[in-house]
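For clarity, chains are labelled A, B, C, D, E and F in written order, and residue numbers in each chain start from 1.
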Amino acid sequence: MKYIIAIIKPFKLEEVRDALGALGVQGITVTEVRGHGRQRGHTEFYRGAEYAVSFVPKVKIEIAVEASQAAKVVEAISAAAKTGQIGDGKVFVLPLDEAYRVRTGEQGVAAL
Amino acid sequence: MLMTSQASAAASVNKGDTAWMLVATAFVVMMTYPGLALFYGGLVRSKNVLSVLMQVTTCFCMIAILWVLFGYSLAFTNGTGAMAPYIGSFSKAFLSGVDVNSQAATFSKETYLPEYVYIIFQMTFACITPALIIGAFAERMKFSAVILFLFIWFCFSYLPMAHMVWWWAGPDAYTLSAANIANVKAAVGDSAAADFLAKLTAAGTDKDQIASVLSSYSDAVNAANGWLFNKGALDFAGGSVVHINAGVAGLVCALMLGKRVGLNKEPMAPHNLVTTLIGTGLLFVGWFGFNAGSALEASGGAAVAFLNTILGTAAAALAWSFGEAVTRKHASLLGAASGAVAGLVAITPACGFVGPMGAIVVGAAAGFICLMAVVLLKPMFGYDDALDVFGVHGIGGMVGSLLTGIFVSTKLGGQGIVNYLAVDTTTSLADYTTSGQLWIQAQDVLTAIILSGVVSFIACLICKYTVGLRVDEQSEREGLDISSHGERAFN
Amino acid sequence: MLMTSQASAAASVNKGDTAWMLVATAFVVMMTYPGLALFYGGLVRSKNVLSVLMQVTTCFCMIAILWVLFGYSLAFTNGTGAMAPYIGSFSKAFLSGVDVNSQAATFSKETYLPEYVYIIFQMTFACITPALIIGAFAERMKFSAVILFLFIWFCFSYLPMAHMVWWWAGPDAYTLSAANIANVKAAVGDSAAADFLAKLTAAGTDKDQIASVLSSYSDAVNAANGWLFNKGALDFAGGSVVHINAGVAGLVCALMLGKRVGLNKEPMAPHNLVTTLIGTGLLFVGWFGFNAGSALEASGGAAVAFLNTILGTAAAALAWSFGEAVTRKHASLLGAASGAVAGLVAITPACGFVGPMGAIVVGAAAGFICLMAVVLLKPMFGYDDALDVFGVHGIGGMVGSLLTGIFVSTKLGGQGIVNYLAVDTTTSLADYTTSGQLWIQAQDVLTAIILSGVVSFIACLICKYTVGLRVDEQSEREGLDISSHGERAFN
Amino acid sequence: MLMTSQASAAASVNKGDTAWMLVATAFVVMMTYPGLALFYGGLVRSKNVLSVLMQVTTCFCMIAILWVLFGYSLAFTNGTGAMAPYIGSFSKAFLSGVDVNSQAATFSKETYLPEYVYIIFQMTFACITPALIIGAFAERMKFSAVILFLFIWFCFSYLPMAHMVWWWAGPDAYTLSAANIANVKAAVGDSAAADFLAKLTAAGTDKDQIASVLSSYSDAVNAANGWLFNKGALDFAGGSVVHINAGVAGLVCALMLGKRVGLNKEPMAPHNLVTTLIGTGLLFVGWFGFNAGSALEASGGAAVAFLNTILGTAAAALAWSFGEAVTRKHASLLGAASGAVAGLVAITPACGFVGPMGAIVVGAAAGFICLMAVVLLKPMFGYDDALDVFGVHGIGGMVGSLLTGIFVSTKLGGQGIVNYLAVDTTTSLADYTTSGQLWIQAQDVLTAIILSGVVSFIACLICKYTVGLRVDEQSEREGLDISSHGERAFN
Amino acid sequence: MKYIIAIIKPFKLEEVRDALGALGVQGITVTEVRGHGRQRGHTEFYRGAEYAVSFVPKVKIEIAVEASQAAKVVEAISAAAKTGQIGDGKVFVLPLDEAYRVRTGEQGVAAL
Amino acid sequence: MKYIIAIIKPFKLEEVRDALGALGVQGITVTEVRGHGRQRGHTEFYRGAEYAVSFVPKVKIEIAVEASQAAKVVEAISAAAKTGQIGDGKVFVLPLDEAYRVRTGEQGVAAL
């Protein structure tokens, strides 16, 4: 099994979720994060103080999938999240040893 | 209101009236700032909240200054020539000639306010009206365009509307007598005043001749009144001048600007309804100054306007909630708050004219109709009136203005209509008919719609071809707080 | 207050009084909305904040309408027969007979307010009192049950309490003379009025006979006064009518509803204390209208009530903070705010009766005692009074009501007691004793406890067996904002 | 103001004035609470917001109590001996001798307020001034040190300043006549009063002798006036007493405490600018009570102060925004709000003295100069005045105080200067020169700077060597909300 | 070593923490997340606009443990987080290569 | 490739970012989290209710790096985040199978 972590632009979340839904992937966990990368932040000014804010709001998506599905999921995310502009984000694939569903106690692929 | 620096001897200022009007003015300030700012601010997405607050702030400050430079003068002085019924003159520009002893007329004979009080009270109306429009173009308009648009709209839509509906010579102007010479001169000019007095003396005790002199004198006084005031349009605190006026401007702006990026695709739920609730509450409290203050006196008349304001609001909030509960299974707080504002809007033109039971009907009607306007009209015509300025203020103002014409009737518990254009202003108008008054109200409504529509359209075009109307998509996505104002609300 | 549409010739309305009372009314509106809504809203968890705001909104709107339909009439008109001391009549239902010239008596002879002013001022008291109860059953009660409960409680607990404590004929009613015939008639009816005047004339100059006529006349007038008013219960602005009344209702609701799911297991810390602070501040400011407005005049008496309100609040906030600092090592803002509210509650019945130093003592006592009530009583008896309505309003109201009986004494700097039931209302009561007055106050307190307790218990049962009291566990976990109102506060 | 329990027969209290002043008082309460608390609270980091709110709350409560214990007496009674021009006496400590019938003088002859009204109005000024300082030492000072510092500063800097600038005998004190004996006695004491009246009688009709008696009588009355009042320093509502006084204290505290941990390394952006906006709005509204209330009457004079307050604020907000737009490319909401407060500060001493156009100039100047002070001064001298108390209140107060000396001139549309120290207080001062008045204003400003500077320095030292000034670094990092008050704002 | 990621219902956090405490697991990192799975969200209505909100508030727990402890930890979490109703959540076990304690520089199992 | 997860004290974020920048690491994703460990929380008191809050605010940093860089990155984070006091945090290194850049479709090390 694989654990896929994707960092995307916030306003692309709904499209990505729909794309994953189309693939039959239902389980997703979403976190609001801030990202630092090539995309530049902005400058903020509060009375006397000026701050260069280098972090940009992003959304992190986590999805545990069967290893065989991983490529398709990565592709679906990439396609849906793409605007072609800097800051579109990353998709990371990590190995996943085991998965459990709390409610039923199911294990492995059945738990996803 | 008639302003006379040299008020007649009989004129008196009651400190109770002054106290109430000072407070009413402060209350109307609170409606805009922070009330309206918060009401609107809570409804946008968190990345745009400061832009809304900033637009309201800047609007308030700019109009306040313009008001003393020329606004007050254009709205509340006699105009000249053929334009007199539509706009005033620059005679009090820079508030020239006004000092702490100047007085302004009220609706009661020989009852005056310090003119400065009247100036600040009306200033707050001038400040809030353009600010209402901000809700329509929220989240996408350029800051420079906002300023330019509001400047143009204030000059060419607000000021004429205020003059046409509210400007008149005041009750004492209608008393043609040597003792009242100051008021007579102020109303018709020095030479005409002498003329009329001479004619009156000449008339001796001949009743017919006296009547004829008085009648031609009344006509002379009325000549400089606002066009809609002379028609008998009823707008106690600003149904057409404030709400329809602003609501229509909002609709035009929404159409000219186009929809927000991502509308109907991304969620655009209000970022903080508690903020909106604070705004609603302060609007509600401030509105007592707006409505009951429009009585210009601390009197039973102010109290009934106050009572009607509570009742109209309560009925509208309950009606909107009930409507939602029936159609969506849930009554929401945002619904109740929207209903409350719709009720406040609708009761604004009505509050001094209808009775308490009439106020409940006006409020309930506004609650239902504005709910329908917001839920049905917007999707039907596809404009993006972001915070429903047209749906709530435009439609609510129309409902209120028209129903005022009905529920003013004493048969329906209303206060009846006073004939302000007669010598004896305590008599109520004999020839009131519901259909007749409704037609007058309709003219008032239509005037506001057409004037504001045309002015807004032209103002948008001017903005478009000078500073540009909208921010670019990237800035809109990032949020106006950062892209236009360089700051974030929450850290 | 005596209402008389045909006020006597001597009666006069001062615009300064009217101005102050209009503002006081607006201030009390602000206490509830947005004040109380925010105070409570900040204390619940974020998933329930809108439900609290919505309950306060709906309560306010519903009661405002009920007030003009029948509430005002039942509280502030003479009742009939044996029920007269406990409840009024429907004679002013729909505000029939009231117009802009109607007047309402104050506590001073020949000093009146426009009746509409008195109606709106008292309306705001009627609106806030049931809203106070909402804090007790927050986060778990069905919205329909909230509405039904508050409706029943308002009719059967608030209205009788207001009538019993506050309703009386007004000072001018006690002047038996032909010149004052309108007031006399209003107080005892047309035929009795004629009768008494005839007897007075018959008495001639015989002092004993005059005294006997006047005394039987006073008795006749008093017959329709509220039961507790006649006893001499002191409740300047609503210690028993408002706070004990609401506090006991809260306790009963908390007991009947049971604890919130997860109490003492999951953290239930207030979701936003800044919101609570805004509410506290607006409550504080609005309370000046509540307390100093209850003087019904813009006078030195209103000013001392105002001063006492500040002092009682300040002392209570400091006392609570001090108590926390000693027992918990930290003085918290929530503690100070809670103390401030406890002080406001306790000074409410006292503010017009005690002196400044008395106010400090009342406030400090309330601060300590309410802190103890909240920290000790709740765990001891195990009820879940979510936002401490009983601990702060119930207990605070009792502390204030009882201490009023002590610190009213001129020996302790108090204002002394005026005998309103005598012909000459400027004299203060000769037979004041602390223990006597304390017993009167205790009867007032007990009446509120018993009446509100019984009515609340029955109202809860009615809700339980009709619409149901509580939402299901799943909805409670999800939060009432979404499950009951279909919206979220923060997005 | 002269307080006289036994006001002369001619003295009259107008209920309109009372109504206005009760409301003005409530407004000033609202400025502090919740206004200032929110304004400051939104500007700190979220881990310190409750500490700021708690400091403001505790400050308000403590000073309110101190005010009735001795503060009012020390500020607003005649002092004794050589100290008389600098501080009052304890003669009204515990408000002894004041009752609901006591009266306080206004600026108009024979026009009085209930003394309780004057006490509460001035109380609110005393409460807000120390609270302003809190912004300077926010986010790092020990709670116990805050309390101790504010206590010392209130006693030794606020009370003398208020006495020196505002205390005088009132206009009626200058009328030497047997009919006015009560006022005369109150002003110069019983025996001197008899003496002067005897001399006046002795003077007969000899004009020179009369003039000489009157002049020496005036001198006797003036002897107990405040030092700066006698000089003719103009401070309508508290430029030096309130703002410079607090601003300088803030600067001293910032210097004594040192910088916040992490300053210029970690981001310290305001945690919630919407909260700050709410505070700004409530400050703005409340300030009408502060400024227009300082007229002490519901009059045209109050209205012009009100108008000037709006205009000064608007001009300053626009000026600050414009300055930011030019130097930073963005006009920010925080900038506009800061400008608004700077304008409010600067117009405070000026509002009753300048004309509307003067107000716009004063506001615009304050907007620009305070922006520069905040952006340039702080980095230049490296002190950490966390929320710019010195930059906005100190500098803004100086700008306003000095410009008042210029724009009071009738040639610049100002109201001119009244000679309160003469028998006929309706005449304006003949010998006004801009440079002369500027020098008087400068002395006023310098007095505030020196007094507050010295007192603050000593108070900080006392705190340092008793309870300690700062929390430890760990507590500061964790945030004062948890480390000092055991609670968190948001859950 | 293993890196355990669990998604649970927010109101179960305290119970789960207690259960882990009982096992001797002290180190936990908690994030507020939103989840999408079988558990349906709800519909929200703001004036004219209706949104189907498909994400449900969840809490994410991350715990680094010795490989041998992993099973026990998973079991403890599952037991404590269980309500038996849909949406109870998942537990994922990922391989963990290395761990460091910043304060002491300790490494590996000693750093947990 | 490695996926590095670090839990640090919030006020150390800027310093850590600078340290990573100095190493040439640009891409970082940051999440606000709450941690439970040796560092004790505090007690909060709201009217009648007292809560022992055992979670402390922390910041979680995630960085995907080339395997060879991992050690240097861990060291840089450790050095910058250290105050020497309890609660300084942890650094975890997980294996990373694959990485993609959404905008360009780049893969592997090139995508980081």
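Methods note: a residue touches a chain if its C-beta (ideal position, glycine included) is under 8 Å from a C-beta of that chain, and two chains touch if they have at least 3 such contacts.
Not measured: the values here are computed from a predicted model.
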Please identify each chain that touches chain B as well as chain E. A, C
Contact counts by the stated rule: is the higher one at B-C or D-F? B-C
Between chain B and chain A, distance of the C-alpha-averaged centres to the nearest whole Å: 50
Distance between chain centroids, defined by C-alpha means - chain A, chain D (Å): 56
Spell out, as numbers or ranges, the residues of chain C touching 2 or more other chains. 14-17, 19-20, 23, 267, 269-270, 272, 278, 282, 328, 330, 332, 334, 486-488
Hey, what residues on chain E touch two or more of the other chains? 31, 44-46, 53, 94-95
Give every touching pair of chains, nothing left out. A-B, A-D, A-E, A-F, B-C, B-D, B-E, C-D, C-E, C-F, D-F, E-F
Listed in rising order, chain D residues that touch chain C in their complex are 13-20, 22-23, 25-26, 29-30, 33-35, 37-38, 41, 49-50, 53-54, 57-58, 60-62, 64-65, 68, 94-95, 99-102, 114-117, 119-120, 123, 143, 272, 275, 278, 282, 484-491
Quick check on the complex: what are the chain E residues that touch chain B? 44-51, 53
Please give the residue numbers of chain A that touch chain E in the complex, ascending. 3, 17, 26-31, 62, 64, 94-103, 105, 111-112
For the complex, which residues does chain A have touching chain B? 11, 14, 42-46, 53
Within their complex, state which residues of chain B touch chain E. 267-270, 324, 328, 330, 332, 334-335, 338, 374-375, 378-379, 388, 391
